[in-house]
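This is the structure I want to talk about, given as structure tokens.
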Amino acid sequence: MKRILAAAAIMCLLVSGIAFAQAVAPEPIKIGAVFAVTGPASKLGEPERNTVKMIEAEVNAAGGIKGRPIEIIVEDDGGVEANTVNAVKKLITNDKVIAIVGPTTSGASLAVKPIAEENSVPLVSCAAAEKIVNPVAKWVFKTPQKDSDAAIRIFENMKSKGISKIAIITSSDGFGSTGREQLKKHSPALGIEIVADETYAPADTDMTAQLTKIKASEAQAVINWSVVPGQVIVAKNMRQLGMTIPLYQSHGFGNPKNIQACGEAGEGIIFPAGRLLIVDELGADSKQKAVLAKYKADYQAKYPNDQVSTFGGHAYDALWLVLNAIKAVGPDKAKIRDYIENTKGFVGTGGIFNFSAEDHCGLDKSAFEMQTVKGGKFVALSSVKEEVKAKK
Amino acid sequence: MKKHVPLALFVVIVMGLPVLLKNPYYIGALVFVGIYSLITISLSLVLGYAGQISLGHAAFYGIGAYTSGLLTTRWHVSPWFALACSMVITGILAYAIGKPVLKLRGHYLAMATLGLGEIVYIFFNSAVDLTAGPSGFGQIPRLAIGGLVFKDDIRFYYLVWFTVAVLLALVLNIINSRIGRALRSIHGSETAANAMGVNTASYKIQIFVFSAVISAVAGGYYAHFVTFISPTTFDANTSILLVTMVIVGGMSNVWGAVLGAALLGTLPEYLRRFGDYDILVYGAIMMVIMMFAPGGLVSLAGLVKQKFVGNLSREPAA
Amino acid sequence: MLNVEGLTKEFGGVVAVNDLSFEVREKQIKSIIGPNGAGKTTLFNLLTGLLPPSRGRISFLDTNICGLRPHVIARMGVSRSFQNVEIFDNMSILENVMLGRHCRTSCGAVSIALRRRKAVKEEALIREEALRQIEAVGLDADPHSSPAALPFGKRRLVEFARALATSPRLLLLDEPASGLNMRETEQVAQLIRKIRDSGVTVMLVEHDMSVVMEISDDVLVMDYGTKIAEGKPREVQKNREVIARYLGRSNEYAKNPKP
Amino acid sequence: MLRIQNLKSYYGRLQALRGISLHVGKGEIVTLIGANGAGKSTILNTVAGLVSQSEGKILLDGKDIRGLPAEKIVKRGVALVPEGRQLFAPMTVADNLALGAYLRHRNGSKAELEQDAEMVFGLFPVLKERRKQLAGTLSGGEQQMLAIGRALMSRPCLLLLDEPSMGLAPKMADEIFRTIVRLKQQGVTILLVEQNARMALEVAEQGYVIETGQVVVQGPSADLLRNHDVERAYLGKGYEKVWE
Amino acid sequence: MHSFSITLQYIFTGIAVGSIYAMVALGFNIIYNCTGIINFAQGEFVMLGGMFMITLTTTWKLPSLVAFPIAVALVVLVGVGFERIAIHPLKSPSVLVLIMITIAGSILIKGVAMFAWGKEPCYLPHFSSETPINFLGATILPQNLWILGCLAAVVIVLAWFFNRTLVGKAMRACAHNRDAARLVGINVKQMVTLSFALSAAIGAVAGIVITPIILMDYQRGAMLALKGFGAAILGGLGSGPGAVVAGLLIGVLESLGAGYISSHYKDAIALVVLLGVLFIRPAGLLGSAEIQRLKKF
């Protein structure tokens, strides 16, 4: 008897588990978003969520698209791939969204890639890994710049300084490991030799052991590829060890809080990043200046306690790509997809996007600007050089 | 044949649910519940019946997923054969691991299994050439029988829940047999079990290997269902989640394992509407269940029964 | 049938059983008595393989069982009950007793899981035998209910039935009457006799002297791990040394306390 | 001082006491004797608050203390020297004694505590020599002394002693009993559980024979010493026939 | 760099990291000794220590010396509150249920911290200068010395507390023999609350001293708890000296493993050693088999 009851209870739960649907309102144009608002990648997912909510309010305040309001349904996957799969299915089949923005992380994006394909829903990922768009999937796009371009920009800068032997140190998560992959892949072509290859766990508290090993090698520069807090700890540990060789970081370094956290150890770090951080420095001739300045101002106004970051920018670009498409061709999935694929010269926070049937990322290495930390601020590396020249 | 009633009821409902639901999202969510159920049922044998804690079952889940995924994508082995290979490999590994580890007890056993799980996770992360490292790999082929490819959620749903039903049938047979009694006696008192002629060491390892192999099947299903795997799916959090499912459901009952998987497996879906607060609600639900129903959810079913059925049956005796 | 020679068990310097030798003959009831801490339970643990002896030899049916693992010894026909009644509350009464059949059955996991005819048949036999033992010990509770709710005396009967279900040649009972009232004690004593009469050799550790003196064929008195006396109950009762150990000596000091 | 009325107590399902009534007068030594497992220790444990399930009354100076937790009962002046000593083995003799006076540390003066410790050392000079030694390393007799000493540190008005001679060499047992008598002379009321019936009855005024959780015989100890029922309780039925 | 200096550097690194593990392990042990459970919220105490300190010094602008004790006190309040709400009211719960409750507690605390401090890592300045100190070619940060100093202070205070004060002795008494403790008038439930307070305090201290080095965010506790649990087990549950030795050992092993074997597998190396020790000594380095037998699930 007890078992029968238990079995019945399971069934009830299964059935009620199904009732998590939300009421359907037919009016607005529905767009889905899946971000890791909680969990290990939440520091990325939160600005992304904030950004799309901000745009939703802005568009609706302006009367929506062709008289119809937009509704952005944000789902939190906690960075767990199984949850992402469920969330995307929910958005597609329950909410009947016409496009999806996100997910935040590469793994989650790769996990839902086949779902977008099978259901023919355009999905614009905010994650970095190139595998998301390579091989190209018909319905899947992404907005962050390519890891390979970041690696190439770093190597080019090194070559210009005559550096040929380097050490790489990466975190053992998705971001770090794709970076490591790209660094190893592109270094030979540019004549750079990796003489030390170290990793650390994302939550590690100290990397002096790895750096000591690097210090003992003949590396002329170090590239660290990770997100917080690893990138800060590496900078500080290098200073502790008295290492004077230049430290390069990945485009994940682009968060003003890192400067404060690194303190003196941050000075002189070189990294490639989008131009959001150095918007004030951009000349009026920069096509991106207006977009970046608007995004930064809007975000700061709406979320005064939060710093604007490049991650939110990826969501900004992704959502506007979709919204522009809807404005142009109406709420039709296939037409939206086609429109995005044919978008050229779209000015986003990450760069100027030129999509094509072969390229679903749309950015090239010019999207990156080599930057450095100087006087406690992010500045374009080129401007630093100019100053040096001027002094001479 | 009264004891077959719950299982029959279960099968009927599992068969009928998709007809009622039709919505691929619900079906998809239930596929994950089914995958979790496979593990929790087998884990409840280890934890609730034999009384041995394992905080490393995500490792077997992962080994199953990776073996099956790698064999099919890299060496183009047939998915079913790959699944079989993953069971064998996981079984052998579980035996090698279980032999020394199961001599430990209590918190030491918990730490040892947790540590082994971590080692496996680190291996997935670091053996980049083999496992593609932290970024994982995709394009894992789907399972197929003849021309029937389990490509949409509904087909996979039936496959997974068919497996769950078969497993339940086998496990229910086993727990109501001499072997089931032997396992429960280990939980009660190893000394007394020994004195009754139960070879406790041997049963502990057997059940550990069995549950590892079933977890590997679940892992294989996961890989062929999602078609993409990465190490984070198989980290310590997952191990802890699995144990939590078993305990919250009620660890001394296999139905509790399914109940726990169903609750905690779908909880994130319910909690979506709480937005960021989901983590708080999740923690609070867990705490309340453990504080007020330490026997798990099935013990609540027992209480209900006592209230309504128990009084009736007791009256004649009084 | 059981022959113990020079059995010694030391726990880090403390000698719990000290050079103990004795013999148990087939179909007799042999009682072990002695004050608390005399080493009686340790002796049982040694005999059943739960503890390895430090020295000495235990032979059961002319086989040396020293160093064998407990489940092997149980299979050879040595079964026991525990002082505090170790039955399993996570199983029904019937299942508890059925567990006793474990060492007399052999069906493997595969045939059980697939409900092969062999397994189904064996299970039915196990059930039959268990019900028989429950009846034999005179337990009148619903066999499908949990033993958790039973009064202590009946729990003990469940343990007896379980031990008997192993079809033992030698049954070791650790304080079978402790915690029982007079009537229950009487029942247990009769039951032990009945068990002996059915051909099972019984060894028991017991504090209730009424029981011991009434049913034993042979009594062994232990103190500090050594044998003090051995023999028929009446002889033992007369033994001055035994009386002294039990009732104690006079305290010379108490009569004329120093100032 | 202590009056127990119809006390029943349970260890889970096991009813260990089946209605015990007894009385301990101020300044008396009363002993409970009987075979192992008769329930003597349970009586002491119930009085001391270690057994949670019980019925009946335990009146200490007229107030019912049944059901109070152990730590509250100590506060009321009842100290138990448990069976098997239960010392804090990894701590020194001095620490064990200090913990004995745990409840008095807050309001008691330091000098008073030191004085009490000296009193214990006076009773058991050997403890003074070993005050820095770990309790676990003492001999059985010394441990028993320490256990009594620890209980005395709480300045009890009623001392419950559970099998103080158990496992001790005869000489040591004598020593312990000598102390019991001395404590009585100092005005401590004592309820003594002993297996060594003769020794116990020789020091006690009153005795109760306990069998299967009940009082079977009671009376002045001198009478009990001569009572064959007492022997029967130990050595079993049919005993007297053999003995005569 | 000389190979000697390199080795020395690895050892310095290991000790600096290991002292944190040791402090977390000490926190585990105190609660374990009193209750027989592993408090999985221990890592959250560490996290909260760092977070409170950040708020007090940066938002409230309190001087560090003032903020330090307040931060510790706040975490103690959280620890005591957790014990009072979730553990104190339970009647004879099983160890497994208690552990689940501490896991749930850690999720809750983590969630609240996420709302209170956001998701980004927060930053705390070093206590003193950030100029590294050079010793035989190896370097160490003044903050590392602070960490070591705090570990030493915690060890000394704990040793003093458990060996010299009556309350400390009473707590040891509870850990050793509950019934005997009650018989001398010790309120065991109060001691359990106190054990939570004490281990929350130790966690808080650990959190405060490492935050300048590692930054702090709401999810940081989990990893530290895992490593600390490993150290507590390796040292032998319940053994204070074991926790310190094992914590430092794990730190040094990780560091040497990363330096000489492979940084990809450094955590695995430490775990393999841990497992190896457990297989040979199932009760840990300094643990007692006796205690282990008594306290199982």
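Order of writing sets the chain letters: A, B, C, D and E. Residues in each chain are counted from 1.
In this text, contacts are C-beta pairs under 8 Å (C-beta built on N, C-alpha and C of every residue); 3 or more make two chains touch, one makes a residue touch a chain.
In this text, all values refer to a predicted model and were calculated from it rather than measured experimentally.
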### Message
Under the document's definition of touching, what chains do chain D and chain E have as common neighbours?
### Response
none
### Message
Farthest chain from chain C, going by mean C-alpha coordinates, please.
### Response
A
## Note on the structure
Greatest number of touching C-beta pairs links chains A-B
## Note on the structure
Greatest Cα-centre separation from chain D belongs to chain A
### Gap in Å, rounded to a whole number, between the CA centres of chain D and chain B
54
### Task
Return the distance between the CA-based centres of chain A and chain E, expressed in whole Å.
35
## Note on the structure
So, in whole Å, the Cα centroid of chain C is separated from that of chain D by 31
### Query
Distance-wise, how many Å sit between the C-alpha centres of chain A and chain C, to the nearest whole number?
71
### Query
For chain E, which residues are shared contacts with two or more other chains?
114, 264, 267
### In chain B, residues with contacts to at least two other chains
122, 125-126, 276, 279
### Task
Indicate the residues of chain C shared as contacts by at least two other chains.
none
### Task
Mind listing each pair of touching chains for me?
A-B, A-E, B-C, B-E, C-D, D-E
#### Entry: Residues of chain D defined as touching chain E within the complex
48-50, 69-71, 74-75, 79-80, 82, 86-91, 95, 98-100, 102-103, 105, 150-151, 153-154
### Message
With touch defined as at the start, can you tell me which chain C residues reach chain B in the complex?
### Response
48-50, 69-71, 74-75, 79-80, 82, 86-91, 95, 98-105, 107, 109, 112-115, 119, 122-123, 126, 162, 166
### Query
Contact residues on chain A for chain B in the complex?
1-11, 13-15, 17-18, 20-22, 37-38, 74-76, 78-83, 85-87, 89-90, 92-94, 106-107, 110-111, 113-114, 118, 129, 131, 172-174, 176-178, 180-181, 199
### Message
Applying the document's contact rule, which stretches of chain A touch chain E when the two form their complex?
### Response
38-40, 42-43, 46, 172, 198-201, 203, 205-206, 208-210, 212-213, 215-216, 228-229, 232-233, 236, 239-242, 255, 257, 260-261, 263-265, 305-307
### Task
Using the touch rule from the top, collect the residues of chain B that touch chain E in their complex.
51, 53, 100-101, 103-108, 110-112, 114-116, 118-119, 122-123, 125-126, 236, 240, 244, 247-248, 251, 276-277, 279-280, 282-284, 286-287, 290-291, 294
